[in-house]
Amino acid sequence: MSTFGKLFRVTTFGESHCASVGAIIDGCPPGLQLAAEDIQVQLDRRRPGQSDLTTPRNEKDRVHLQSGLEHGVTLGTPIALLVRNEDQRPHDYSETDLYPRPSHADYTYLEKYGVKASSGGGRSSARETVGRVAAGAIAEHYLKLAHGVEIVAFVSSVGKIHIPVTDPSAVDDADNDDAPEPLSAEYRRLLSTVSRADVDAHLTRCPHVETAERMKNRIIRAKAASDSIGGTVTCVIRNLPTGLGEPVFDKFEAVLAHAMLSIPATKGFEFGSGFRGAEVPGSVHNDKFSKRPDGSLGTETNWSGGVQGGITNGEDVYFRLSFKSPATISQAQETAQYDGTPGSLEARGRHDPCVVPRAVPIVEAMAALVAMDLLMIQKSRQAATALLPPITTLPPTMVMPPKRS
Amino acid sequence: MSTFGKLFRVTTFGESHCASVGAIIDGCPPGLQLAAEDIQVQLDRRRPGQSDLTTPRNEKDRVHLQSGLEHGVTLGTPIALLVRNEDQRPHDYSETDLYPRPSHADYTYLEKYGVKASSGGGRSSARETVGRVAAGAIAEHYLKLAHGVEIVAFVSSVGKIHIPVTDPSAVDDADNDDAPEPLSAEYRRLLSTVSRADVDAHLTRCPHVETAERMKNRIIRAKAASDSIGGTVTCVIRNLPTGLGEPVFDKFEAVLAHAMLSIPATKGFEFGSGFRGAEVPGSVHNDKFSKRPDGSLGTETNWSGGVQGGITNGEDVYFRLSFKSPATISQAQETAQYDGTPGSLEARGRHDPCVVPRAVPIVEAMAALVAMDLLMIQKSRQAATALLPPITTLPPTMVMPPKRS
Amino acid sequence: MSTFGKLFRVTTFGESHCASVGAIIDGCPPGLQLAAEDIQVQLDRRRPGQSDLTTPRNEKDRVHLQSGLEHGVTLGTPIALLVRNEDQRPHDYSETDLYPRPSHADYTYLEKYGVKASSGGGRSSARETVGRVAAGAIAEHYLKLAHGVEIVAFVSSVGKIHIPVTDPSAVDDADNDDAPEPLSAEYRRLLSTVSRADVDAHLTRCPHVETAERMKNRIIRAKAASDSIGGTVTCVIRNLPTGLGEPVFDKFEAVLAHAMLSIPATKGFEFGSGFRGAEVPGSVHNDKFSKRPDGSLGTETNWSGGVQGGITNGEDVYFRLSFKSPATISQAQETAQYDGTPGSLEARGRHDPCVVPRAVPIVEAMAALVAMDLLMIQKSRQAATALLPPITTLPPTMVMPPKRS
Amino acid sequence: MSTFGKLFRVTTFGESHCASVGAIIDGCPPGLQLAAEDIQVQLDRRRPGQSDLTTPRNEKDRVHLQSGLEHGVTLGTPIALLVRNEDQRPHDYSETDLYPRPSHADYTYLEKYGVKASSGGGRSSARETVGRVAAGAIAEHYLKLAHGVEIVAFVSSVGKIHIPVTDPSAVDDADNDDAPEPLSAEYRRLLSTVSRADVDAHLTRCPHVETAERMKNRIIRAKAASDSIGGTVTCVIRNLPTGLGEPVFDKFEAVLAHAMLSIPATKGFEFGSGFRGAEVPGSVHNDKFSKRPDGSLGTETNWSGGVQGGITNGEDVYFRLSFKSPATISQAQETAQYDGTPGSLEARGRHDPCVVPRAVPIVEAMAALVAMDLLMIQKSRQAATALLPPITTLPPTMVMPPKRS
């Protein structure tokens, strides 16, 4: 379906060659000061043609707000917005129409809908993400104003080039039951401090200087080889309130995984210690509690990734997302036509050798949508409970723990 | 929320110390022959106490069907089912009530709900999964009868002990742009043939004989060390029809990720080539098409994991899920009380040193629920389109590809 | 579907001859003190066999709470509850199985589900309402504690016997453009003061003494004639906060109508001035504002029924619901068998000549569910907006109206 | 919320003074031939300024399709459409801003959202219905092509001027237990034959010639008196398949009531025998079955209004909807300002003395949306059940009734 969220609901529309792409955001809190520029800044980061690492297409992608605001203030009613498509003409017939493109959605869209659209993969085009990014920018704007939430995504790997994650001196072989800590102290520092300015300082959107340079070269090599290369994006959400996430099916990480895997070309998601967390014994993996300076409870480590039992605990939420190598490449591929006839397919159209730098604002947008929706659900519960008379007859086991001071 | 699905909807209830746990399954197709035993078999595989690798608690966990069936046939009305809790008494007050258990949900449940339950983490208990497994067994039963769908999950790693996935002879270093194929031919063979009997032949539920033995020893070492260890579960879904998955937010893999990350203790999810897919160039990663014996299109490789553009393509869907090391361990932990006072917490209660073998039927259940719901949505679209008159005036680009023969 | 609500969600299960009927209530605010008795009291009012005006069947209908509470306090987790069916055996084959009962759901259930259940109309049985009444009692309990909300329903007509609604002296003919006020001052007084004690003082649950007696006789006459008779139930909700109802599709009255028409045997719904409101000129129908003693705005009349633009305005919400005459009657009916063969069908089973007295708690339950869910949605919005910084640059038209004092 | 439907989902946006109003229709079956004109025809019927009985404003209201179609064929992806607002400027400050207009939504919108919009009642404006009518036209287009469904609404009363419904010779007093049939034979003939051409033959959209003339005069009198008058709209849906409607909360009539009461200014809904059905004994009210010429079962009478147990039975669905007299009138009203100060408010802006003729296409649109969504849900169930193996061991009571011939 094209709708995401329960209280803060986003419905997107549009494909590559129609009149416009966009979204309706329903359920935005009223009284939020919002300018088109708050949205445009993230659309610009998503836009192709920002560097010679990405496709040369120069889309303007200006957002047009249709409703839901007056004098720059949200009314609480649906905010509709759209971005015009520059190239609205369905493409002309060509020989390549005989072929479903390998690892594209041409074949599956045809199997699903039974209609052959000009754009082949229809809504699986990256163009569709315009509506998400715009909607996410609104959610993020709220989260920042209301809770000081910070969401920063960055490129953590391109091909086999990774920002170093674990301590290189750690011993890690299968014969040894010990395992190194999932993340080095240096990497944890990066997570807790990285800013969008740090990220945008590099064309690759990797804030780790040496790695950024190696990634850039890897992308250039892919382009030179008429090939493509994938990568991963890591994202951190800071200052989230505790209590977000709805057990049992809408745990914070479950909804987050849903949101992230809905982004085109994604293949994997891990949060906190992720796949490495399965290799570390419980005695090391457990996040012990300690008193924070402000008197509240915090955890010393954060292998939980800010979530326990599906509910945020006030620590940073961080996660990593895998993007496959783009399916469109500038070399011939031996494959089959729709009718099974074998043949060679030459690429058509514009394409990026590596999409992960442009994926950064999309990941941030989806993270914001998840946090915003789960925040609004939790606010409802808290407000409802706050109106109840106190209970005076509880047994000792249910007595609330002593107030922190 | 405690409801999963749009047309085939499961709502679960229950925590550790209440009268019963269970579920209502709403939207099950009528006319399905269903016996309690079809459900019980998976509940028994989920049940603790099946071996000395797991907790000695011997729950009986008999399912009691309440409604929605007559003479063993589904009526199409809600199927309610419940499993009684043996231990219904809230526990007595103890010194450990002062402490939120590290990496458990005690602290976050309290932050979220503001009520201190006897069971601490409330619905984050593994006991909650009873309802899912029962509901999933019904979905799976339908999928098998209607489409011959096979769902098999198995333990693919415990700690650092993994079933070998890639060809050990492959060169894989960061200085080399080439990358080995994400999965070896042998492993792909395993995925396409593994059965539940193969899986249950080992206490560890790992169908790879040598690895199974090493895993068993790893679990025994964890137990001996009063510690715990995590692992991964891999699952394959075979014979799924094409066309399942709802662009753009409810792509097959997105809903699958949602379902999987809603299982307690999970930290990561990848499908198809997963995180490895980001390291392989597009020219290698693309799944080229070829004609199958029956005339339809298939792909030679399947790095896509059976899904393209969020829609199933008829190839096997396979994915891997990471489970952290259990938080409950039999050793003292230095942590803090609710009020911030530092102290040492001794474990209480029964616990598994490793939960992944028992997670196998839970993963299968959630996979079945995802496939079932998305199947029913797609059935609606197909049936609706089938009633429309044919269109005779399409331009060449929209003309349907020649029929396969 | 068997689920109602978005944040306070009720899912019911069960039909006449299965093991139990019941519900899961998901999303109940935590920290609510709740006893089984708070629920039982409404189940008892719904129960048949309370008088010789209704069916002699004496069901015990004890509610069994399964989960979601500890020491009588809600945990915020799903509350499952069930009521056992006394008569769990599917009935034996009988000649009447050849006939779909006229104006029952036997025929449509068969058309819909393609499975012939013992109970014929399956979930259309009044037995299904047990789950609603129990869930509604929980919602009502919250609403009363948190906002002092009062919900009172009563029988306003049986057959052609109505509580007098308009002033009998008013002229009301089609040639005269004037129309009497939709409700007399006396009736409005009844609405604003009627209590459950007033209602239960009469077997017919009509709080208007003379009318109650006439209704009773009408029901007795129906029974004597081996026939049945319908009626209407009127309900008032007092002390609802302003701001409830979600434009545009989930206006308060729209969700209320949905809830009410989901009750078996209902045929019509009107709120406020209802159908009479269409006959009164706007100059009379408009509810003019005036200052209330507490400084807030109120309306002098309340033809709007407490709702304007789909949102509650703080005045009493009141509405009326029509129930058809019960389809089961103790006389032979000339009709056709499933295969079209004409024949005469004799009634089987127990039945009420008039169901409206027992419908009273069902109407109250559904009203509570609607108010509760829309309240929780609005709480979320208010809490979210409350966190935003004030806006200082509004144009005069958007400046908030002066505070009431 | 601004979304309606579960599989065929409509999300609308827009208020009076923003850039545009419109909708996204998600879940439309692919392969449907659809032209803008199919939508425009109903928008034109909704448009004000069609006669001197309605407001003189002449909006052009051209629909602009944004996505989801190629070469006039639906792709199965979201169809976005918009209609530009001619008057996009928020109005200037005026003295009337001090007053909440009586029986408008100015006060409740302010209570709900806490933001004072230029248009006062925000989305409660009739302008919002543009998106519904457009979406409904698409649904209706499908229903007609796939099932030959016909939806015709008409004005059945204005003020106290009604199309005669019951037989005038029938005796109907409270002292007589008999009641006339809810609808005369003549009226039932009208329901089964009335066409849109019949309806549009009269400015009042009343297809009953003598009544149409009297209604017209009633509206002229209201205008002359600077007043307004309400009315009712009756709608019939013909050729609906059996089996639509989802027990228990989404019965066909419950969803229909929800949809209808979400239309601005509505106060009541009844279907089939409606409120009259409560006065007729069961022996008369029951719809006896008989064999239709084609061998299927039909009912001789249709007091059920085409629905039994919440599920369509193949007979005509018909219902009636009440619209209050418009709140905007051209005369001064004694009321209070936001701060409680009493005063006299003069009307501003354009307004209709009677809105029911224009409501006709809105009622048809919402009826189409309900039927379409419930049809798609039922299609899913049927398709799912059709794949199951037959059951050979049923007891006699569950054996399917003999096939009709």
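The first chain written gets the first letter, and so on, giving A, B, C and D; residue counts start at 1 in each chain.
We take it that a contact is a pair of C-beta atoms (placed from the backbone, for glycine too) under 8 Å apart; a residue touches a chain by one contact, two chains touch by 3 or more.
As the structure is a prediction and not an experimental result, all values here were calculated from the model.
J.: So if I look at the partners of chain A and the partners of chain C, which chains show up in both lists?
T.: Both-contact set = B, D.
J.: Please indicate which chain is farthest from chain D, where distance is taken between mean Cα coordinates of the chains.
T.: Max centre-to-centre separation from chain D belongs to B.
J.: Let me have the rounded angstrom distance from the C-alpha centre of chain B over to the C-alpha centre of chain C, please.
T.: Roughly 41 Å separates the two chain centres.
J.: How many angstrom lie between the CA centroids of chain A and chain B, rounded to a whole number?
T.: Each chain reduced to its C-alpha mean, chain A and chain B end up 23 Å apart.
J.: What's the distance between the Cα centroids of chain B and chain D, rounded to whole Å?
T.: Roughly 44 Å, centre to centre.
J.: Pull out every residue in chain A that's touching 2 or more other chains.
T.: 1-3, 6, 12, 27, 30-31, 70-71, 73, 76-77, 90, 112-115, 117-118, 122-123, 247, 381-382, 385, 395, 398
J.: Across the complex, what residues on chain C touch chain B?
T.: Per the stated touch rule, the residues are 1-3, 9, 11-15, 17-22, 24, 26-27, 30-31, 64-71, 73-80, 82, 90, 112-115, 117-118, 122-123.
J.: For chain B, which residues count as touching chain D in their complex?
T.: 6-7, 27, 29-33, 70-71, 73, 76-77, 142, 145-147, 247, 375-377, 379-385, 387-389, 391, 394-395, 398
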